[in-house]
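Here subunit A shows up in two complexes: once beside subunit B, once beside subunit C.
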Partner chain A sequence: MTQVVAKKQSKPISSYLLRRTKVRLLSIITLPMTWIVGVYIVSLFLLLITAFWNVDPFTSLVSPGFNLENFKMVLTVPAYIATSIRTLLIALSVTAICIFFAIPLGIYMAKIAKPWVRNLLAVAITLPLWAGYLVKIIAMRLVFTEEGFFNWAMAPFGIRGPGFSIPIVILTLTYLWFPYMALPVYTAIRQIPPNLFDASSDMGAKGFTTIYRVVFPLITPAVIAGSVFTFSLSLGDYLAARFTGGATQMIGSIIAQNINLNPPVAAAYSMIPIFFIVIYLMVARRTGSLERM
Partner chain B sequence: MALIEIRNLAKAFGTVKAVDGVTLDIGSGEFITLLGPSGSGKTTVLRMIAGFEDPDAGSISLAGEDITHLPPFDRDVNTVFQDYALFPHMTIQENVEYGLRTRKVPKVERAKQALEAIASVKLEHTADRLPHQLSGGQRQRIALARALVLRPRVLLLDEPLGALDRQLREEMQVELKKIQRDAGITFIFVTHDQEEAMRMSDRIVVFNEGRVEQVGTPQDVYNKPATRFVAGFLGAANIVSGEDAKKVFGKSKTVSIRPERMRLQPSNSKISSDESSVSAVVQEAAFVGANTVYIVETEFGLRLNVSKTNTELLGQDKSFAAGDRVLVVWHNSQAAEIPA
Partner chain C sequence: MKGKKLAILSALSASVLIISGCSSGSDDSSGVSIEVPDIPMHQAMGEFEGELNIVNWSGFVEPAWTDKFTAETGCKVNPRVAGTSDEMVTLMRTGQYDIVSASGDAALRLIVGGDVQPLNIDLIPNFSDDIAAGMKGNVYDTVNGKPYGVPIGRGANLLQYNEDVTGGAPESWDVVWELNTPYKGKITAYDAPIYIADAAVYLMYHKPELGIKNPYALDKTQLAAAIDLLKQQNQVIGEYWSDPVAQITSFVGGNTVVGTSWEVLRKFAGKENIKTTLPIEGSTGWYDSWLVSSTTKNINCAYAWMDYTSKPDVNGAIAVNFGMAPANTAYCASSPEAQAHCDTFFAEDEEFFKRVWPWTTPIETCVDGRKDVKCTSFQEWTNAWATVKG
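Our next item is the complex of A and B:
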């Protein structure tokens, strides 16, 4: 009769790492730290430095130096200020619209819809993520162009689309980033124990009271998580404005125009959305929602 | 007139008949327990009384008013949930105030009532904490306070002690019974634990497969089980039917007899005139602390469980051992005929 005997194999690397906790830690974080510090932080830092450099107005050559002219320009020239505010409002509108649609949709999917409807909707929400970003923008462009689908479909009702303008940019950005809001909100609502709905109604609360007092507070972290995406992605976007905005300028459009002509101004201007996002995150942090993200 | 009248209540989930024609009257101030194995329909009946499920057929009335299809927020009943269902984002006080708030009780008044309710379950010091900072037993009591603060006519309790450990459970059983007696509220209590049911209830409703098997006091359902299921579900029972019943009890019906209502005697001993016996051989004797449980087998192959309370002085144990010939003896009144 043969017998298989499990031999105890020596594992020198594992045993070594088991004892040296610092070496173990180092081996785990080296790669991600290289990425974060080497690629992320350094490039942001270089961008910040560039913002202080000069451009020779005749040769258009960039020369290192230190001046605050670029910052002064983006903070005082009315066109720049107007664009900053416009971009901020667009990003806030996109976020608000995403929240406005995501909550009822999430409640319906998580608590009311039959399983097959729920799955269908989950696929429908994520489906746009499978298509390319540019493809989706062009699709919106085709829908809202002069001879496009919208005007054709609405013609019998005597309605005409607004043409390429800020509303269409907001609509396009909402379309682009909605999944990033809808999915976390839906997941959060799904995680609310069904008993809480029963308990609320047992104690006399009607539907809207339950949504207001129980659902809202419990999904706030998810809404804020989603809004970090919808807000920051909208803030940095410029292709939506370019293809569906007509003459609409966003911060991104101006950076894109300046990136070759005047890199220091582009760099200084790109500090604006970073600044907005930092403020936004600080506000979000104050609500205590980020800890639960 | 009964406080709650349930008539021919039915509810199906898909093709499964969860509740299949339940009729039941519940009196005012009564502690009534719906007892049955999981899936027997007891929780569904409770949820229909609460208004969380809409019955397919039948009716429920509360104090003469038809409440069959009323939403939960329009019924004068409150529920203590199995996993407590405290709102995790609200403090204990906010949780207890919730129902008062939806009833638009002024702020000062509702804080006063809520704190009183929290004090009544001896948890004043937790008012500012969040539910996750409390132990299971504490959360259970807060859930109770949250329901009682609304002074409902009927309190529904859905296996509220299921998640507690044994000792805490027994403490809470006593406490619940006391609260019920003091408040004079009707309690409808759902459990699958027959001991808990007998310990607390005025009456027990035994459920099986969506139907009511028997309604009665704990003594009734234990001593005079109406069906084979009831006899087997509440405590241990020897259920004897057919030919065996004729040979042992001289009856053509099914008979149930509890192991502790029979005793063993040496095979040549005498019995009194109102007793009956059957001779058997001990197969197995298991000492389980307070009791010794014997499994004996008659000549015609019927196996019976006999339980003996261990009351002998130490060292004077007259117990029987496997292989002993014995007489199984019982008082004639202890053999309960099962009608169904």
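Our next item is the complex of A and C:
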């Protein structure tokens, strides 16, 4: 009995919190809320609010105020509109290519490959994640330079690379973000019970019909999850365009160009990718796959 | 101790100035009057504060010469490397730095914005006649006759070419501007709004009817003409560069045959067939100077630093390390290697630099002296630049 009392006294905080549920809740959520609100939302808000501010044309000093000129510019200057559309198409292409390769790879790894091949492939997919992001972009740059690996390897076949341009940007971004699509898709396919494949073939479905009618509906949430990564990461990228795009300009390029020279325009322009992603998430939500994720 | 000695010295030189009658202010050759915030300058040297926070280009502040400076003055040097002029301006406006190695395109912005203070040249004995004539009194760091900057070094934006492909030095910049260029898709250009001035330099020569007298003083029609030329270039360009490494790999890897470059980048490319030239139209160039923050707490260390780095040997060491022409030409005669460096970078060749327009922030006041029109500001250049690449 005395021992129990002694134990109770030895944990004053626990016993205090046990009796006061509100304090307990507060102590649990304070830290993460401070992080989310203080560090994440406030800093984002502070950045975006400058979109309404003025810039002194003389000194490029930013001063608080309210005007919609920056938004007007972002939405009317043809170069900005063209860049927005180009970036959107690049991000969609990257996502489509990632899906196109991730599904057959996932089926092979999960259902066909021997365990050691499966492990080897899993390592091969995740290995590039270990290297630095910039290192990978520079590597792609070196591969596709005029006297680089690609042209050297393809010379016997009379094929020459396209030089730094939009296709190379798409390829680089696909290379960068492919693991984010391949891993969730592979995991989803692995979780499909093997007897579904047997059932499908018993009912007379051929390989592609099985993929289309059985596999695809089951892995849609994983594909959507992966595509949120590939799409939003591609949308915000600018280093790939800078190093492998030649004269290609993406949304990120313009934001980077303006971040020192004209922060309000950079802030206004950064609303565009946010807008695209919100639309994308809303579409994804309508398909119902976000709930099943 | 040394601080006191310096203070006496500077007080002496200050009195000499009073006797000689303060002639600065009348030698404003361009006749441009620019409105700037009134900031008092440092009057006499005092005790060293013990530290100096520098915003600098990579290679300007190295232990090889800062250690000696710290030993002499007790000022501990804290360098912060910036990648672009715009980043330098942003950093200086935080108020955390005492001094900056600004190029002309950043300098005038800082001066007009009241971020830097006018300098008392008499406290900088090494700012002497040995400083290259072409680096003194330029509009980017000397406003209304008041000097704001101490020159460090300079370099031209040259036309670099791959001789294996071109077969010789292109005479004109037309190979990077015109639609009928033989090097379509193999052209590179500098990726910054200040590059608009390069288009203006080309137009000055080929379209005199536009009446451009200074590539940094463009009215609305002249800017529009320059932007049209840049848009034309956009159809034949291969790549824009802002990262020197990307530019070098682009030339070495064969993706680029002609384009804007610096002498130092050619050296780093390290290939016999990659050469530079200054075409008939002339070009733009970057002239770097030390500018002192208007809110600095380490003013004496800043002045000591400017004086120290203007010494022939230290100035030469910075110039060699970065790869540019030193401001202090006395360095050139100090050794055969120094002379070779000066010759490579045209340090003493004023005729060469007469054909180079130093980067200057475009402002509404026309720096070519025109009073009847408003010129386009850097903000307008920035917005216009964004439309070039489409």
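Criterion: the second predicted complex is superposed on the first by the 277 of 293 C-alpha atoms of A that agree within 3 Å, B and C clash if a C-alpha of one lies under 4 Å from a C-alpha of the other, contacts with A are read in each partner's own complex, and residues count from 1 in each chain.
In this section, contacts are C-beta pairs under 8 Å (C-beta built on N, C-alpha and C of every residue); 3 or more make two chains touch, one makes a residue touch a chain.
These figures come from a predicted structure and were not determined experimentally.
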Both complexes share subunit A, so when I overlay them there, do subunit B and subunit C fit or clash? fit
Which of the two, subunit B or subunit C, is in touch with more residues of subunit A? C
Examine A:Asn262 and indicate which partner it touches, taking first as subunit B and second as subunit C; both and neither are also allowed. second
Of the partners subunit B and subunit C, which touch A:Ala199 in the superposed model: first, second, both, neither? first
Per the contact definition in the header, classify A:Pro78: touching subunit B only (first), subunit C only (second), both, or neither. second
Touching A:Tyr180, do we find subunit B (first), subunit C (second), both, or neither? neither
Once the structures are superposed on A, label A:Thr209 by its partner contacts, choosing first (subunit B), second (subunit C), both or neither. first
Applying the touch criterion given at the start, work out whether A:Glu147 contacts subunit B, subunit C, both or neither, answering first, second, both or neither. second
Just subunit B (first), just subunit C (second), both, or neither: which does A:Tyr238 touch? neither
Here's one for you: vertex at subunit A, rays to subunit B and subunit C, all C-alpha centres; what's the angle to the nearest 10 degrees? 160
Minimum C-alpha distance between subunit B and subunit C after superposition, to be given in whole Å. 46
Dual-contact residues of subunit A (subunit B, subunit C) none
Counting only contacts in the complex, subunit A reaches subunit C at residues 55-61, 73, 77-80, 82-83, 141-142, 145-148, 163-164, 242-243, 246-247, 249, 253-254, 257-258, 260-262, 265
Per the contact definition, I'd like the list of subunit C residues that touch subunit A in the complex. 84, 86-87, 89-90, 93, 109, 112-114, 185, 193, 234, 237-240, 242-243, 246, 249-250, 253-255, 363-364, 377-380, 382-383, 385-390
Please give the residue numbers of subunit B that touch subunit A in the complex, ascending. 50-52, 71-73, 78-79, 81-83, 85-89, 98-99, 102-103, 146-147, 150
In the complex with subunit B, residue positions of subunit A that touch it: 193, 195-196, 198-206, 209, 213-214, 217-218
